[in-house]
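Notes to accompany the following structure.
Per-chain numbering from 1; labels A, B, C and D assigned in written order.
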Amino acid sequence: MKDFAAQDENFELRVRESFSRQNLMKTIGANLTKVLPGEVEISLGFRDDLTQQHGFIHAGIVATLADTACGYAAFSLMAADAAVLTVEYKINLLSPAVGESVIAHGKVTKPGRTLTVCSGDVFAVKGGDKKMVATMIATMMSIRDREGLAG
Amino acid sequence: MKDFAAQDENFELRVRESFSRQNLMKTIGANLTKVLPGEVEISLGFRDDLTQQHGFIHAGIVATLADTACGYAAFSLMAADAAVLTVEYKINLLSPAVGESVIAHGKVTKPGRTLTVCSGDVFAVKGGDKKMVATMIATMMSIRDREGLAG
Amino acid sequence: MKDFAAQDENFELRVRESFSRQNLMKTIGANLTKVLPGEVEISLGFRDDLTQQHGFIHAGIVATLADTACGYAAFSLMAADAAVLTVEYKINLLSPAVGESVIAHGKVTKPGRTLTVCSGDVFAVKGGDKKMVATMIATMMSIRDREGLAG
Amino acid sequence: MKDFAAQDENFELRVRESFSRQNLMKTIGANLTKVLPGEVEISLGFRDDLTQQHGFIHAGIVATLADTACGYAAFSLMAADAAVLTVEYKINLLSPAVGESVIAHGKVTKPGRTLTVCSGDVFAVKGGDKKMVATMIATMMSIRDREGLAG
């Protein structure tokens, strides 16, 4: 995994500001816990209102966290005037997401002018143990010419 | 697309009962609007607290609906004592999910004893128009021997 | 599935000419059997030198055919001066590819200026029966400004 | 990435024997260059008869190598009497595969009794430089009860 350099020195501010406008992140109680060039981490405390029928955190929430971490990992390397959209992703659910909290890591695999490919891993933290519960590959797009899209 | 026959005549009851235990579906206000053998539809009214930074329904919610519709489409064809888990899925976001509501269709492509492959399409409804906003392929697993998993 | 209109009236010629330059297609003996706007079919007779360890056509060949059919389905709707590249795809192998021949259908789901999303289905033909053996979602990219890439 | 222990001490022999029965690997000239528990590497010298229309190694071949490396990485951890089949995979093509050779690494992310999830990375080697050209997540299945499938 290479280290990347951000082209916009205000990348962290830009990521945090955009994240704060994602209403869904507030609704589910997700927090941005790391912002580096090409690498973002999002954490979520376990909540019973986010579960599926067996009491695990719903795969949809696990994927949402990974997708968002990947999106902002890509966004952190984009130009200051770019917006980011998810083109597509694929996720494998490896183990049930149970425990006290869930942490999603998103990292850029290959940055690009238009498309950025990222990988995401999600971990469940239970009693001090950290277990990988999901793995993702995501394709993100930089949008620079569409009005109404900021960040 | 073939028609499938359910091996459990109570498949609809079983799907509805399991769906009702998905706390996340209550939290986001999703409704089960169609249950046929191998085919399930889930609807969601637009809600500002489920948006991403540009005001669209978050890709994670779009994916959650498609994943859940695919999961129950698979579950509808499973044995009465089986539980269903998502192995993996891949989703392409085709257009921003804007409008009054979002509808996710999940259909079984290939049922199997252990694995069932499904396709999911998500539509945004705006002023009477229905526009496809996402497409998914998902792999679901039938679990019959793990205690503590029901439905 | 909508019908699409080609923006380049010579789309079929362009597709056939590009296909003929794919050495791999010659190597494996694949044929372009249908070219419509947004829809392409590729066929391959069973060959023992393309099998995996159980004597089925190798998943890699099944995927190659679906990827190529999707790529040309996308390419058929692109501008006359565009080249096409595969961004990514996901494929589920549903059944072993056994029989006399394999047919891959690629269809455009959503065309776009930069990205085109396609779906691909692969069928094995055996004794008159046609069985679906794989299903794919693929993302294709239109490249218009990179020298050295034609078609 | 954890290290894994093989449950069958003859895992390398089993992998090499199965690989040698993959006719497609002979046809394209691929070689098994590393076999460890949960990790397999396959190499291929550049060949003009495996190219797509721009002279790059065809994405289908890149994917075939990654799929096969992932499949044998999974197989190396399986029981002595198991066969392996690819359930599905997703691949992103990051850069054109040009150069003297292509190397595919497959590694197990999460082994399982029925399903094993793997990641695959493909590199192109050109003039001493090694460049990542593709990344994959794959789901493999252990088959133990179907007659006619060995290895």
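Just so we're on the same page, a contact is a pair of C-beta atoms (placed from the backbone, for glycine too) under 8 Å apart; a residue touches a chain by one contact, two chains touch by 3 or more.
As the structure is a prediction and not an experimental result, all values here were calculated from the model.
Trainee: Indicate whether more than half of the residue numbers at the chain A-chain B interface occur in both copies; give same if so and different if not.
Mentor: same
Trainee: Could you quickly compare B-D and C-D and let me know which has more C-beta contacts?
Mentor: C-D
Trainee: Roughly how far is chain B from chain D, going centre to centre by Cα mean, in whole Å?
Mentor: Spacing between the chain centres: roughly 32 Å.
Trainee: Can you give the whole-Å distance between the Cα centres of chain C and chain D?
Mentor: Whole-Å distance between the two chain centres: 22.
Trainee: Using the touch definition from the top, which residues of chain B touch two or more other chains?
Mentor: 87-88, 90, 92, 117, 137, 139
Trainee: Quick one: which bits of chain A touch chain C in the complex? Just the residue numbers, please.
Mentor: On the chain A side, the touching residues are 87-88, 90, 114-115, 117, 137, 139, 141.
Trainee: Considering the complex alone, what residue numbers of chain B touch chain A?
Mentor: The contact residues of chain B facing chain A are 18-19, 21-24, 26-27, 48-54, 58-61, 63-65, 67-68, 83, 85-93, 96, 148-151.
Trainee: Give the list of chain C residues in touch with chain B in this complex.
Mentor: 90, 92, 94-95, 109-110, 117, 119, 132, 135-137, 139
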